[in-house]
């Protein structure tokens, strides 16, 4: 291990040895190092948001034929800092009748849930917060805490719109967890592990090639989990003022804001780790630090797509969105899971007897899975076609608002 | 006192206090929040018991689903935020007596049992345990039948819940 | 995955397809046929894997690919079922997989997939065509899609399941199961257009006739099981078992047969029914009422072959006890029936005008060939002819379906009222339907045994050589005559259908069929030629030995000892050359100048004999008189009026009157005073008691729970103190 | 090291707290919460017994999984019933639902 190929572990080692030489016990040193690591990852995450907020605003502007932020710093890159100062110095407004503890707890829960996710994301083969052996489940568990934050915020604000936003949050976030978990099970099945790092390790062929449909389902449903456009029904400003965050101001609002941006970035990172091969790339074995670069390149590509979707898609209606989840995504994910499991099992049984060439096996496997995915998609499309609504839905006939009185009979004659 | 014991005691106290608050709190939403805290404490116990998988499952199912459902139901059946009046019925003293009696009974039975103060044996192969559990749940000579029954129960419960809570279209 | 497991899985895809189509996708035509064809493709793929791994296995006959499962507990042992791929079943699997797949694909085109819905089509009737308007506004009548399209694919899926089961099974019972499933499917498919009275009659006829054979076969199976306690082939064919069966006399000393002979004859009767041998042949020609792919699949390639397959399979049992070339009774019976059927059906075929009926009688005749070959002990020749026949007869049937389809197109187009199946309404189709023509010619020449090139020549020649070589003169001459007739009616068919000038307007407007129908024809045509090269005798002059005699080595390996190859003899070759070429030439000469509306030249030449032939020797009428009418009479007069209404009803009424009287007495003197009185007393008592303690029921669930717990604690303390006290 | 007794006593106390909630709370949702506490204490016992008595088997864990499933089913149906009752009678006080009597 040397500094150039793996700087972070190198420094950690050096620091650990230093602390040990001070006479601290091994346990204490581990705890201290873990704390420093957690602090670093957290700080890194928050600082990243500063950049992604600028990036998103810039992209937003370009799409709408504007310049976007362009005053503070080169290309407006420091625009976020004045915004931060503004939000820090704003007044905290606490409306009458709120449940104070819950009201203050909610933004913290909401932002920490997102940040907790970063604990299991592998940035490089050797740089991972903690490689929990049930990492994928951990992701889901932490995600549900985020939902809790939103609900509490909505309820404790003592505001109808907030509460409505919270109701929608329950309906949306909890529902979309189902296809998300089902889609997550497919990488688990293919990689035969629940640890995120081992899943990255298992991606000789990226899972998005093996199962593009699963990737798409995961992407869609985690997009819905973030509550961003086109799934931003929790805070639909045309209907609910600002949804669950209506009554928040100042830094508490900032926390929700940062939480949302960080969440969007986090799902891009998860997408990259679970489906796009994470840190995998050429020469990563020799130079682990390269993995960080690969990982962030992939993450930013996905993030770019996330932003593009947010910018270009109109908002869905709540019933459409739930229909889409329960009547389309969930069955599709279930079918896909069953098909993948069968194919995988059949492949495991078949490989020894078919005596395929050792080298080609991962690619053959990928091909078979891809083929099954295409077949599933094809059947889905056929079914959708045959069930498409043939007639335009009948809308109630418009009733005249005011009926003109019948002219008196004498006028006619 | 080892660190583990200290952690246990702190978590136990927090969990029990949260539990007592669940059954005594006047505000139903607060009850639910205390319940969440209590369930978190139990998740920590699972970790202490070398069952990390169950800790994660506890968070997903109890906090991610059940507790949220509770909050949701509480919000749906509420007109005002604050509940008024006592939250216990007139038999509360009898209930408390019964609960204490039961505790005493259990304590007596437990203290007389010689395995009561046993210490945990060394755990063999902690990492393979999860896959072992998974295989046991679907292997025909172990738990596949109860497991399938549980899944049938879940499906039945789901259909039943949808039917019962759904709007009846006339 | 081991090959054994793969063999187990072979029949499953079509069965799954059947259930999926029936239960779920019935309404979606494209999905249904994709499912069925996909299932056939999967099974085909598996079959090819199994076949080639079987071919690669050394000494497959001695060590077949087999695995068994315990199925039914029978006392202290298990009845085992299993799969077994030995050379014979591997070869059968090969042709079954190919023909089934081809027929599945063909069915897509045959049922007019992609065409519009018919104007007046009803379920249970053939499609009658749909009217469409082209861009100029002219109205055309074009073929319309089959109204019960999905149902057809479901049925043939089930059928394929039955056939695969039959082929891979290692015992007579599962073979019989597959056999009966196919019987059912044949019934359903013959009557596919169930609103046609002729189709209904044909389906019942087919079912009843084969049932006669099946009952005997079941008797044979039961007899076999009771004698040796097992039905698996490996058990039956053990030399000591066969020896024991030969030495035991049959039950009741029937015709002084041995048990082996008795069982053999009983099983053979099953084959007579299934493979449509005289005298149970009557169902097969009528079965042509079904759609043509069905005719091809059931009545040429697979189901009727199953009968022959079964006797080939049982050959060691049939042969058991034969010494120095003498035939056992069962074999003698087979020889007689087979040879007779071969010539008998061939003569009828000569006088038929319906293109499919000619082929049906030809099938009967060729099956007779195989049976006769097996009867004289030509095991390999019979099996080889079975394979080649399956290919070229499926080809011919599919080709005839294509012809009918083409002519039907013409009929719809012109609106002419002609029978699209009658060969005298065709002619000159070689220009309209070139692919169908050439493939039909290949199939027809294979059937007539056109020398050297076609598969039929090699297999038929081998049968004739066997008959000649073993000195069965009568059989040899009969079969040679049948071959002559075969060549004659084949050429008659080709000439009438394809050559010359169109004899109707419809034939002029015939059209080549879509690729889903012609592709199977081309593939089967390749096999109809090429499969013969696998069985060229090594002693054949000039070309013998260039290709090893695969059929002989491989299929012969099924038997315990490889049958010896016959030395080459020039006479049977000359005879078979003469009959094939002679028959073909004769057929062409007689029919080349057939004019529209003219009499059949054969009718003029033969006179009343032709009428007899045309009416199939009046077999249907005879059976009607001997069996059907008496059965009706018996059912009505004896069973219904005398037995049922008189005797059984009388007894019943008598018993009922007595019971009613006894019941009245019981009611008045026991039920009302004693039982009711006691019941009322108990009921009133409980009511009073309930009224007094109903106050405890408050309707509050928590109070109930409290009460229950309080009582539980009371009970607990009582028990604890009692136990502590002691 | 923590002896088994700690877990058992803890679970017993939690169970009794849950039982108290079931017995005395007026609100039906709160009663369900009490039931959840009881189920959880049972689960702790299952896992603790597994860990201390038969750590090489998985019986305790398998049972715990099934308890999870049963708890989820119970909450789903229970809350559905409560909401349905609330819709009809505008009350979820357990004592108000006393129609089922003479």
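Per-chain residue numbering starts at 1, and chain names A, B, C and D are given in the order in which the chains are listed.
One rule holds in what follows: a contact is a pair of C-beta atoms (placed from the backbone, for glycine too) under 8 Å apart; a residue touches a chain by one contact, two chains touch by 3 or more.
Note that the structure is a prediction, hence the values are computed from the model and not measured.
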Chain pair with the higher count of C-beta pairs in contact (B-D, C-D): B-D
Chain centroid nearest the full-protein CA centroid: C
Whole-Å separation of chain centres (CA-atom averages), chain C against chain D: 62
Between chain B and chain D, centroid-to-centroid distance (C-alpha), Å: 6
Geometric centre distance via CA averages, chain D-chain A, whole Å: 33
Averaged-CA centre spacing for the pair chain C and chain A, given as whole angstrom: 59
Residues of chain C whose C-beta touches two or more other chains: 702, 706, 709
Sequence positions of chain A contacting 2 or more other chains: none
Of all residues in chain B, the ones touching two or more other chains: 57, 65, 72, 89, 91, 94-95, 98, 102
Chain B-facing residues of chain D, complex: 1-10, 12-21, 23-27, 29-30, 32-34, 36-37, 40, 43-44, 47-48, 50-53, 55-56, 58, 61-62, 64-66, 68-77, 79-84, 86, 92, 94-95
Complex contacts: residues of chain A adjacent to chain B: 97, 99, 102, 132-134, 137-138, 140-145, 147-148, 151-152, 155, 158, 163, 166-167, 170, 174, 177, 194
Sites on chain B touched by chain A in the complex: 27, 29-30, 33, 36, 52-53, 56-57, 59-60, 63-65, 67-68, 71-72, 75, 81, 127, 130
For the chain B and chain D complex, residues of the former touching the latter: 2, 4-5, 8, 12, 15-16, 19-20, 22-23, 28, 31-32, 35, 38-39, 42, 45-46, 48-51, 54, 57, 61-62, 65-66, 69-70, 72-74, 76-77, 83, 86-89, 91-92, 94-96, 98-100, 102-103, 106-107, 110, 115-121, 123-124, 129, 132-133, 136-137, 142-143, 146-147, 150-151, 153-154, 156-158, 160-162, 164-165
Complex contact set, residues of chain C against chain B: 702-703, 706, 709-710, 713, 716
